[in-house]
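As structure tokens, here come the structures.
Two complexes follow with subunit A in common, the first pairing it with subunit B and the second with subunit C.
Coming up: the complex of A and B.
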């Protein structure tokens, strides 16, 4: 009797172990994706279509970029809440410079204006990142406070410059190429995003800087004693984050065909959510780029599916919040199992 | 002509608000010399340690390493010059394997082929053979402490700064740690050990510097320090009858 029970317990135990192994290898995200796709496929007619998937991919580009940017900072055990206002300031500055130069040239210098405007936007974004970096790395302001403060400062600047109204009059080619253009049947923003996924992958996996980002978040003291300039690389993490975010902001500006100070407010939370769902530790040191990209796509996919199911955007906010918390709980559990399995 | 000291502090002082944490401390350490720094809680040991590794800068005084003024250099710059540090709190990567922990500092010094030899050499030296592919988070406490020392050694330091290297260790592990430190100094690496545990200081058989209220209170061999009436008094405070070596002043 007791022997039979023990056998049953052992069997249960081994089933649990197998389930644990599968979960530990892949994390929670593949399960989330599978469940979401099943639900949306059965609940709607238009979800499982090529057209819709292209739509999801196109919409996801902006968040994928910001999530990668956010990941770089999260790896160092930091946080960037100012990615949203980087959108605002980049959009406003790039469009103003573009419009000014375009008008001054008598609407002749199309590409000159586009390049100049984009560079001005890049400059604005990098300045925000550099200030964040100096605050965090040199003055040791907690990243949460530093980037939160920058959010209100930069948002205030963007609103002051524009008075809150959109800026129109950019060369049509800007939107035509970077917002709506396509090459080989694939939208240009998707190409750009793919390019940046590759660049970020190379940066994180193959360069010294990427390794050091992981090292900083893994253990700041150990990094310092291993001869890593913690100040310089912490600073660079915020600059790299701002640079990637800026490219996303330029693409969105092109898509909207106007400079807006009110864009990007969802990106701080959604980019952190994409990283957390993708298994990036908010305590730094661990995370895989591919999972972050999938995490961002997952969030857009869920929003898309809920739109098709005619679930209101207010209710969508509730769902995304719940998924975020569930993902983190699942990942904590995964880390625990991981340590016991390796032992 | 006397050999150039490996490390020399000249009257370094550090003040935090109204507290004079370190006051005009002058130390000299020769290559291969081992020195213990002891003192009651609040004597300025930790502050002096931070001044030496470079995480804080002194208000006054200078720190010279191999004749070079390093007073204003950052910790990572000092690490590259040859100052290896092991903190009391473990500065290791728990989520990585032992091998990967060692790789990070080793990569500065060696090419990919030499790195393998270095890892093998360090593992043997640290009693960690066979653990190279284990996650550091799953190691025993003493093994983590050795790994932390190993990460400092991986930079091929000329000076090793150790803050309570035996914190939380059992007697046998402490002895092994002591032997490791002595072996390293025998190869010409200077070492400064900040320690609370008098039994361990006795075992190291090294000259001792006693700090009290941020100043150098006494210096000499362990026997001389142990016999020093004043040192006993400042250490013992109210507990009159205790002998210093039994004062295992451990933080929980």
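Coming up: the complex of A and C.
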């Protein structure tokens, strides 16, 4: 009897320990996800269906991409508020070039137009990233100011070019493949995003550049004294961020079948939120890619679940804000536990 | 009065019948995982300077933090003027008359001197600040201390020494009966130090009891009355200043005889590696200095903080703006004013010169990254660690694991974040960074700052091994015993200029110290 009691106590103890370990190692995010899934499963009938999960995955692709891009910059103790207008300028430039070339070829050169348009969009995105990079790395403008300024400048340019109206007339194949296409039963945007998750993982964990991003954000001076060209890699962080964001912007343009200036306005905040929920330090140097991907998926999942529960979008904004603060508070607590546990 | 030091037969110095201001009886402090203080006894009398002496990590800081109300003790009793008390907060300690001047300044740089002096206890007139009264009171405090400071100046524009004056004025404002100084001279020049010591003499006369923390032996003799030595959180002894020889202090502090700390190095000087000719830096911190370092020898570069010795090392790495002179490394001119400039961390690293900075937290290590990432950081572009773009992580692991074994890192876990290691072990990792590559000349800038004896012995042995394997070593240090016992030749810097070059036979404490300070004209 007493033995059984003790065993039960021991079992409880070890469960607690495992829970504490999972919390300390993995952070709050897994708990948030499990909690959200349980609530939505009981509150709605359609949430726990394969169809709905595919929907969440597809909707999450754009934010997952931008969150990864944002993470790269956050690692270096920077910040990119201009990811939103990268969407605007990429969407506008790529669709204009695509439409022009498509029309000029008498609607013959379908793939030529798509490739040319996409490259033009990539060029536009990279230019924004490069200017951010030069401002931050060479002229030492604080990243917040630099990217804030760029977001109004570039948004102004995008609106000037289009006069504020959407651009239509891209080849149908663009939307057909990159917006709505699927391979092996999985939508193309999801494939592309999976590809970029792998590429970003390799970049961060298996290349010098990735290692340097972490080191720069962790201690800029020590990095400099270790012989690293801090200026070059700081610059590159903004370029990489812009490149990943551009791909996301092209996918969204394809999905919407039009070039628009207003498509990215939610991304600066949501991408930073996804990173923060995923445990990336806003002071640089720490962050795990897997958690950032989960963080982005979590935000979309919560929105999806609330849609199914018929919670209005205004109320959703309140919930997402509260969750963000809760995540950071929980993470601070985790750091404290980590300190007391430390071996 | 039977509280401390029966075991060492402390002579009751002047004023021995005087009442004790503050007495600590068997004070302990338990932090998670470590016992920082273990039943320590201590007392302060009016008008004396009681020096608290010990290695970093000996418990000095913990002890004064308990006295100043920052921490609560886990055990033991505190008496203030023979009344048992418990100090609940910094505010409470202040109210009792215990003020501390901490190592880390507690000033707000963007505020003026007067605002800082009264921070947290502003003078009010109704709901508004009484600015006039505040300024008058600030003036009074500064005048009383004889500080030449303008109350309205912003703290951020003051020198380190002036900031320290503000800090002292702040501690003084509440008319304390016990004052604590935590390594106050760490960032002062010797002139500023003289002024501080004169001030301490002055406040001694007012019957204030002073607790003075330091690990510099020469300071003890200048201002100390009694000395209490701590080691590993334990009380070792309380002795009078007249029985405190350097030998005795080192033994009390480290628990070892000097010979056990410093290894005997076999020097075999060969070719000239580093040749600095007539070097001056743009900020004037170094003027017309010429030194050289050969392979197979350890050259000391001694001097006080601010003497320019550190800038010389930094200049060789391309971290200082140079205004005149020439630097050659390994037979090649790497810097000549207006002609050549091939300096810079990456380029010098690739040539075989490694500069290990003195401030490991700010400049040396990425604290949140692990041992493996830190050790590899300055060598990632070498073939061992990457093929240019992709990392060879398996190689990295093997190489770093091997280094960690050689360094005797504790714990030997390469995936542990640096911030979770002790200061000594962090320093070993910093040394490890330089061992991951092929280095001909090491510049060690204060390699044992904030390092306990155990790790210090390891680091000295490492320096010895490197030297005997044929590397050249420039040892920049304010730690006199280090210069005395480890070097083959020593240069002494004084206020940006080279004061002396001492060959092995002439390196003695008197000789080096004699050049540290201003020559007295008698």
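FYI, the second predicted complex is superposed on the first by the 320 of 343 C-alpha atoms of A that agree within 3 Å, B and C clash if a C-alpha of one lies under 4 Å from a C-alpha of the other, contacts with A are read in each partner's own complex, and residues count from 1 in each chain.
The rule is short, and it goes like this: a contact is a pair of C-beta atoms (placed from the backbone, for glycine too) under 8 Å apart; a residue touches a chain by one contact, two chains touch by 3 or more.
Just so you know, these numbers come straight off a predicted model, no measurement behind them.
Superposition model on subunit A: subunit B and subunit C are shown in a clashing arrangement.
In the superposed model, A:285 makes contact with both subunit B and subunit C. Contacts of A:140 after superposition: neither subunit B nor subunit C is touched. In the superposition on chain A, contact is made by A:231 with subunit B only, not with subunit C.
Of the two partner chains, neither subunit B nor subunit C is touched by A:336. Of the two partner chains placed by the overlay, subunit B and subunit C both lie in contact with A:218. By the touch criterion defined above, A:209 reaches subunit C but does not reach subunit B.
Taken together, the two complexes place residues 211, 215, 218-219, 221-229, 285-286, 342-343 of subunit A in contact with subunit B and also with subunit C.
Contact residues of subunit B toward subunit A in the complex are 53, 55, 74-77, 79-80, 84-87, 89, 91-96, 101, 104-105, 108, 134-135, 137-138, 148, 151-152, 154-155. Taken together, the subunit C residues at the contact with subunit A in this complex read 32-33, 317, 319, 345-346, 349-350, 355, 357, 362-369, 373, 376-378, 380-381, 386, 388-391, 393, 411, 416, 420, 433. The touching residues of subunit A, when paired with subunit C in their complex, are 206-209, 211-212, 214-215, 218-219, 221-229, 285-286, 340, 342-343. The touching residues of subunit A, counted against subunit B in their complex, run 211, 215, 218-219, 221-231, 285-286, 339, 342-343.
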